[in-house]
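The first chain written gets the first letter, and so on, giving A, B, C and D; residue counts start at 1 in each chain.
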Amino acid sequence: MINKVCDSLKSAVADVHDGAVVMIGGFGNSGIPLQLIEALRQHGARDLTIISNNSGVREEGIASLLRDGLVRKIVCSFPRSAGSVWFERLYEKGELELELVPQGTLSERIRAAGAGLGGVYTPTAYGTLLAEGKDTRIIDGKGYVLETALHADFAFIKALTADTWGNLIYNTAGRNFNPVMASAARITVAEVASIVEAGGLNPEHVVTPGIFVNRVVAQEEQQHDAA
Amino acid sequence: MMRLSNEDMARRVAQDIPDGAYVNLGIGMPTQVANFVSADRQVIYHSENGILGVGPAPEPDKIDPDLINAGKQYVTLIPGGCYFDNSESFAMMRGGHLDIAVLGAFQVSATGDLANWATLSQTLPPAVGGAMDLAVGARQLFVLMRHNAKDNAPKILEKCVYPLTGAGVVKRIYTDLAVIDVTDEGLRVRELYGDNTLEEVQALTGAKLLPPLQEPSAH
Amino acid sequence: MINKVCDSLKSAVADVHDGAVVMIGGFGNSGIPLQLIEALRQHGARDLTIISNNSGVREEGIASLLRDGLVRKIVCSFPRSAGSVWFERLYEKGELELELVPQGTLSERIRAAGAGLGGVYTPTAYGTLLAEGKDTRIIDGKGYVLETALHADFAFIKALTADTWGNLIYNTAGRNFNPVMASAARITVAEVASIVEAGGLNPEHVVTPGIFVNRVVAQEEQQHDAA
Amino acid sequence: MMRLSNEDMARRVAQDIPDGAYVNLGIGMPTQVANFVSADRQVIYHSENGILGVGPAPEPDKIDPDLINAGKQYVTLIPGGCYFDNSESFAMMRGGHLDIAVLGAFQVSATGDLANWATLSQTLPPAVGGAMDLAVGARQLFVLMRHNAKDNAPKILEKCVYPLTGAGVVKRIYTDLAVIDVTDEGLRVRELYGDNTLEEVQALTGAKLLPPLQEPSAH
């Protein structure tokens, strides 16, 4: 019988290997799977490629992975923000590879992977630095850039409530990149505030169908450690 | 020779649908497979028009006219199912999220080409539906079809004569005579029904069949 | 103040011009805007291009537009079904142009239009008749076909409930092509069973955001005329 | 010369936001525009992270940590608003569904090229966010910026020096000195504030400015 619930954050990330490509949902501090990121940090896989809209601020979230030297490359639309000290430090030292992607192109490339497309022609960035070296095409008189699908080994996402089959609903603007990332990874793990039985969510209200979700894990009591 | 009934063919496919699988069953005979999956397995059926968790036909007084499957039959939703739109539904199909799709076929080639949407007849206008998306997208594509056409012509061929639905997409073929895997070496018989021999089945097949592999010894 | 509610089906279709490209939602008999189609038939614009998954059965829906000779071309995945007599009749006489599109390619081309993409590379139909004459490309060793965006002048869709700002929710599998078509037309008109004030739908449950909907019209009492 | 305050610049843009418009306001000064839109107009604000119907900041005890705008400020949702994911949000932006986007800029060219995501400085690592998507996708792109940089260098130029956000995308420029339309003929002054003259504004501008068109006579 289907039950995607993991009994711990630790077990939910246990198979992340060195060199893995990992998508992490969230926008600013909204909808970030902070507890999964902390479990990933403790797990300690290295040489990671992180795909995410931001790079974390201070010592939080993705910033803690950067600080611990676990990340080789980041694929990101807005890595620099007030407090993104670890990103800036490593980038300036040349210790972090950055692939800068316009935000809508980032979500569209992720969607393309989830939807089995090889790539899409987007008008975004046409005629700019970020299109250099990329194939372009004029369609009906308008310029487009070819952007290819962006796949991942793992997607760590955050939702409000899951059922045991992995169907998900979200809280307000906490959706952001989470639903689209769920579709694009080999293994998708959802950190959620609560878990209900299959059938406990209204089928009209489900945002992420369970087919896209491999593991569900409930948030644990916040540990206020000094990490 | 032993020829399975359509029902027994569907029963045979059902044995290979594992617990927890996400499955799309094509219109027609494949739809019957759901009737024979063991009750101790939870299988989540996908319908291309936008359903995960397709349940059995409703009681006549419980029909929701919008709640149909891809074959336009009234269905229900099981607890844990959900709805979504067509573009998300085909993202699931094309994106490799379905574990298994079971489709009917006119012809299958030795390299797993599938022809199931058009014949060479000009009398009917064409229609394709979602077959091409399922063909390229499902992780495993099973074909369920009678071994031979009504005129006894073989439907398993070195090369399809009818227009392709997808090239190199079929993983396994379930017919009324045998179960046949499409492998890198060619078509390998996996199972012969009853006392059917490889030679008998080969005689009814338009492509070279390889004998079943020996079971590996148990130690 | 924003109020997208039309007072009649007739006024909701009044500006459909001869030669218009019209998307019509629905799959089989599920989620079809039958009353809008009937209003369109009575309106009588000719030389239409219809984009829809099916072509109508008997004298119903799109079949009634075909019968009345209003349609020049149909873009469709499964035009032929039990009872699609008008499609078959006109097609065989050479009086109806058909562009046959695999179902997932149809929704993806419509989505591309709505999302401002020029086109997408899909693996669907690669190596088949339906890819002939189209650009193809090998990406990471896999073959893809370039499919371009499919725009429309009008989209006629069906939903369960609208608010006055055009936010929509649907009934079960009645969604099908309706949400994606809503995004791809210059003017989107939604036929709905009921209308509530803005704020009357839970913002977490909205399926089609109102930005994609220009007009909302309530279903009228069914007239059992002999048309 | 008359130079509008930042607040008055935002107030001026707000006059041109019509009732019923779907509008995206960029981070920084553009966000202020919402404060000055006349109360008799209903404007629906879009936030790229997945909100239509962005409302004012919440009371401190009503903060939802997930409910932020693109500038990462806590916001609320107005009745009639809704949520969606990032890919749908950018479909709205890229697909031409927003009536107006108001963005800040480092530089704008005579042909409407926009430069607002990067300078030539190598001291900061790059970041682009959603600016390029808004630039190509909004039906009308308004730039709101001071006419000159802090060192008085003109920000309106024949050709941008900084890397482009989008080429030929800007429709109108609102500065502290004037309102300028980007037209096929070139940059045409639409409005001069106070007693500012074309010559005075031209002297502070790095591209040729065309004089305002005469109002058509009323009969």
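Throughout what follows, contacts are C-beta pairs under 8 Å (C-beta built on N, C-alpha and C of every residue); 3 or more make two chains touch, one makes a residue touch a chain.
Predicted, not measured: the structure shown is a model, and the values here were computed from it.
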{"item": "Selected interface, A-D versus A-B, where C-beta contact pairs are more numerous", "value": "A-D"}
{"item": "Centroid distance [mean C-alpha coordinates] between chain D and chain B, Å", "value": "55"}
{"item": "Chain A and chain C, separation of their C-alpha mean positions in angstrom", "value": "33"}
{"item": "Chain centre separation (chain A, chain B; CA means) in Å", "value": "35"}
{"item": "Distance between chain centroids, defined by C-alpha means - chain A, chain D (Å)", "value": "30"}
{"item": "Contacts with 2+ other chains: residues of chain C", "value": "108, 111, 115-117, 122-123, 170, 172, 203-204"}
{"item": "Residues of chain D engaged with two or more neighbouring chains", "value": "77, 83-84, 87, 90, 93-94, 136-137"}
{"item": "Touching chain combinations (by label order)", "value": "A-B, A-C, A-D, B-C, C-D"}
{"item": "Of all residues in chain A, those that touch chain D in their complex", "value": "27-31, 53, 76-81, 87-88, 91-92, 98, 100-105, 107-108, 110-111, 122-130, 170-180, 207"}
{"item": "Sites on chain D touched by chain A in the complex", "value": "47-51, 64-68, 72, 77, 83-87, 89-90, 93-94, 118, 124-133, 136-137, 163-167"}
{"item": "Complex contact set, residues of chain D against chain C", "value": "19-20, 22, 42, 44, 46, 52-53, 77-84, 87-88, 90-98, 136-137"}
{"item": "Chain C to chain A touching residues, read off their complex", "value": "108, 112, 115-123, 137, 139-140, 142, 144, 148-149, 169-170, 172, 203-205"}
{"item": "Sites on chain C touched by chain D in the complex", "value": "1-2, 111, 113-117, 163-165, 167, 183, 198-199, 201, 203-204, 206, 209-212"}
